[in-house]
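There are two complexes below, and they share subunit A, which is joined by subunit B in the first and by subunit C in the second.
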Partner chain A sequence: MIVFQRIFATQWQWTRVAVLSLAVASFAVPTALWRLGGDNLPAVVAPFVIVEAFRTLGPVIILISLLGAFVVAVLPWTVDAETRHVYPLSLPIPWRRFVAFRYSVGAITLLIPAIALYLGGWFVVWQITLPDVLRAYPFVLAARYYLALLLAFSASFALQYVFGRRATIAVLFILLAVGPLTFLVAAFGDPAIVLTLKRWLLEWPGPLSLYAEPWRLIDV
Partner chain B sequence: MSHAISIRNLDWRAGKAFAIQDLTMQVPTGAIYGFLGPNGSGKTTTIRLLLGMMSPDAGSITVLGESIPKSAHLALARVGYVPERLHLYGRLTVDESIAYHRVFYPTFDSAEAVRLRERFALQPDQKVAQLSKGQAGKLMLLLALSQRAELLVLDEPTDGLDPVIRREVLAALVEYVAAHKATVLVSSHLVHEQERICDWVGVMDGGRLVAELPMQEFRGGIKRLKLRHAPSAMSGMPFTLLSAESSGATDAEWVVRGWRPEMQAWLQGAGAEVRDVMDLDLEDSFVELLRGARHQTQEAA
Partner chain C sequence: MSKRAVMAVVLLCGVAVPALLAQSGPSDVAALRRQYDALAARSEVSRELFDSLRNARTAPYTDSLVAGGRRVRFIAGQLSERDQAVLTATLEKVASELAAHFDDRATVLNDTSSWSLRPRAGRAVRRYLRVDRGATRAAFAFHHFVLPLDSAAVVRVALEAATGALPTLHPWLKQYLRSGFQLDSAWIGFAGAGRIIAISGSTIGRRCREGSTADCRIVLDASIKSANFELYYAPEDWPDLSRRLPKPRGIPDSVWTPNQEACARRAEVDACRRVLTWQPPMSPFQHNVRTTFVIHAILMGRGPGLDRLLAASDAYTDDPIGFFAHVAGVSENVLIDTWRQRIDAAARAEVRQPLLPVLISSLAWGGLLLLVTTQRRSL
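For the complex of A and B:
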């Protein structure tokens, strides 16, 4: 336990700026969207107008979660890589356990931006007079945001620890391979296959469904 | 004799460029074992293999009775390691590094760490990345010594340090060994430095251990012989011929290992006249050992 605490303390020291920046951004997103899309609306507006004010919440949150989780995953790996991983490997702790600790610390610290989004959601809801038909779902939104962060973090973390310094090349290779393939399938593929593939990827329980479904802070 | 490190028939290959080949090596418990070899001979790779940082292709490694790499973490709890290059986190301060390192070792002596930090004049709040090479070397040694390790593995610990710091580091090491009866494996290409502290020597070259012998034998057992009418037959020699060079029609110079004065009779019996037996200094002995090993490899090829 004391080993985990110490790894936690050092890893937090290296990632706190990124995590806290991510938390500030997460807190600010609902308010910013409301200021941009809904703040100038009359006091009493139709329910769908309120819902529409947050229509860009999904893309913004997905972008933030991908970037933030990537940074939080890469930073500690980079610090270990500066020592060519000699230091962690020379410590009397099995490598798998060390990596599990690194992962756990990242996963725990990502709760902070998720909590920040939850608080940011309540903060903006508190400023809006909601019609009876609408409900606020900041907890569900924050929970889903945490899962999105965790998924992106896990993918980045796994990529780093499998490919190491070649991770960038691996990502480029995947993008170069998947990108044109997706284009070809979309442009010239059998529409039925394209639809099946799309459903498999984007509809629950598809691997990307977490990102694809609409993100709602306020809904019926 | 028990062995703190026992390596048998170790093979490890990195592409076509470099390989550790059939390495067998024994470090006696309580010895200060000098691990000599030119740069690129495989010393660091062997050290990383015996600490379980890499897996061998074949062979077995035992460190303090633990099988490596399977139980490396158990052995590492009793091993203090100082690599050739700084391996600590540059973003931590000296005191943070000590605090981080301490939690992994139940035997870590915090009071000793503070004492050594003061002795080495290290600033507690200085970032590791800002330390000079000498200071970084001292910090790594401080951590290894404060662990109260049974085995110290030091990879070129004084390489690139100025003579004053080098002397400080070696003094701290010798004091530790005297007080704790620890085993030390210290790699270096600085032969004279090894002579001062080591009682065993292993010499690596081209991924092979070309010699392993007590320092006394290394120091006194390698001789240059000036011969007249040197025999050409190589079989049955009571010593190991490392190199032979002709000078003139009848004269020759041999460098031999395992020489004892009574062997002069064998040479005379073979028709040779021994004109002189010269001691080699340690560096010459080292060079001749390498030359002999390379010559043997070329002949075998």
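For the complex of A and C:
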């Protein structure tokens, strides 16, 4: 427990700027979208205007979750690498447990941006006069956001801790080889394979199914 | 990963995010692009259909499969095993769902005449399978099978495929549904109809959703012209509506802009009426909403309803709601109420999807990745 507390303290120190920046961005996104999409509107507007204003909420928070989780996952490893991993190797616990602790700390700290999105959601809903037909779903949105953060964090974390110093090469390989390959299969391959691949990835329980479903703050 | 690499990725994303956001936002260019793509896709589909029809006359059907009591002929080698499996599953599902809904009358729909089928050659429209119900009806048969099928999809597929003559029996029905039963992406489902009625800019729609049968009749009326916008848009909807209307041709800026602003900003009724008369808005409730009503009536009528549907004369030409109440075997008000409840429940169910499945899959994938991570030490 003491080791976990020490790891938590150091990791929080290293990642707090990133986590808090992520939290600020998460809090601000709903309000920013409403200001952009619902600017110059009277106090009471039609339901479709409100729903339309948040049309880009999903893509925006997905991008934020991918980027934010990546930074939170990679940053501690980078700091460890600068000191040639002396700190983790000097701890009286096996590497496996150390990695699990690092992961747990990251997963816990990512609750902060999710809570920020929940508060940001309520904040923007408080500013809008919702018609009777519409309901706000900040909790569901925040919960899904946390899961999206967790998933992106897990992938980035695995990439970094499995490949170590060669993670950059692995990322480049994915971008340069797998990306174009996917494009080629999509453009020229058998549509049945593409369809199967899409379903496997995007339909439940596929790894990306969470991102494929609609993200709604306000809806019927 | 070094700090430099992390910074590079962050910077790259910092550049990419605004660009992607700009792309995702509404813009004239994006709208034009979408229109262009839609037209191109439609053109492609038409060309593919034409090619398919031409080829159907020359190439012999040399293979067949039997599923759901139906024999389907196709050209050997042109239908992969996977396609055959999908088709078999679809037909069996259709047959069992039809039997469940329409008992022994399902055979009326599940026509025993053989189908001849050809998968589309073009990759862009590969998912479309053309079904010929005999050479004379080839032009009506352009099917999009979707799995998994729900009961509404079954009815649509069955009606389009097996009673392709229905619009011929009732020409007004074709007008009511604009182009027959929609089997393509225009099908929005009960949930889609529920959302349109709830969030459209029409107070009439919202009143319908709240239980006003009279307003639902307006929603389901296909005969209202754009010029009668006051029927489906109440005065309180006009300012929001006027904001979204483009300037019509023939009206100078100096006339349009002050009126539009007076309507949008100050909600001046006279200005709104002028703006909406110059540029009459379309009804937000199109054939896609009405299709759900028709499907609901047929599902509600079950077997006897199907008899009434196929046997009805043209006595109902001017009264589609009355006709479908007759098909469903209930009063008009009951039919409208049950339809409203159905689409509303579907819309709510779609929005309020349970979190548990997503939670389970996300935690499982996260746990799997963590397990992989802990198995290897790479410094």
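Everything below uses one rule, namely that the second predicted complex is superposed on the first by the 219 of 220 C-alpha atoms of A that agree within 3 Å, B and C clash if a C-alpha of one lies under 4 Å from a C-alpha of the other, contacts with A are read in each partner's own complex, and residues count from 1 in each chain.
The rule is simple: a contact is a pair of C-beta atoms (placed from the backbone, for glycine too) under 8 Å apart; a residue touches a chain by one contact, two chains touch by 3 or more.
Note that this is a predicted model, so its numbers are computed, not measured.
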Overlay on subunit A: subunit C relative to subunit B, clash or fit: fit
Touched partner set for A:2, first subunit B, second subunit C, both or neither: first
Subunit B versus subunit C as contact partner of A:78, first or second or both or neither: second
Which superposed partner A:220 touches (first subunit B, second subunit C, both, neither): second
Partner chain(s) touched by A:48 [first = subunit B, second = subunit C, both, neither]: second
First, second, both or neither for A:116, with subunit B first and subunit C second: neither
Inter-chain angle, subunit B to subunit C through the CA centre of subunit A, in degrees rounded to a multiple of 10: 150
Contacts of A:14 with subunit B and subunit C, given as first, second, both or neither: first
Subunit A residues touched by each partner, larger count belonging to subunit B or subunit C: C
Which of subunit B and subunit C A:87 touches, first, second, both or neither: first
Where subunit B and subunit C come nearest after superposition, their Cα distance in Å: 10
Contact residues common to both interfaces of subunit A (with subunit B and with subunit C): 82
Subunit B - residues contacting subunit A, complex: 51-53, 73-77, 81, 83, 86-92, 96, 99-100, 103-105
Contact set on subunit A toward subunit B in their complex: 2-3, 5-6, 10, 13-14, 79, 82-84, 86-87, 89-94
Subunit A residues within the subunit C interface of the complex: 42, 45-49, 51, 56, 59-60, 63, 66-67, 70-71, 74-75, 77-78, 81-82, 85, 95-96, 99-100, 103, 131-135, 137, 140, 143-144, 147-148, 150-151, 153-155, 157-158, 160-168, 171, 191-192, 195, 204-207, 209-210, 213, 216, 219-220
Complex interface listing, subunit C residues touching subunit A: 1-3, 5-6, 9-10, 13, 17, 20-21, 24-25, 80, 82-83, 123, 126-127, 194-195, 198-201, 206, 209-210, 237, 239-240, 265, 267, 347-348, 351-353, 355, 357-366, 369-370, 372-379
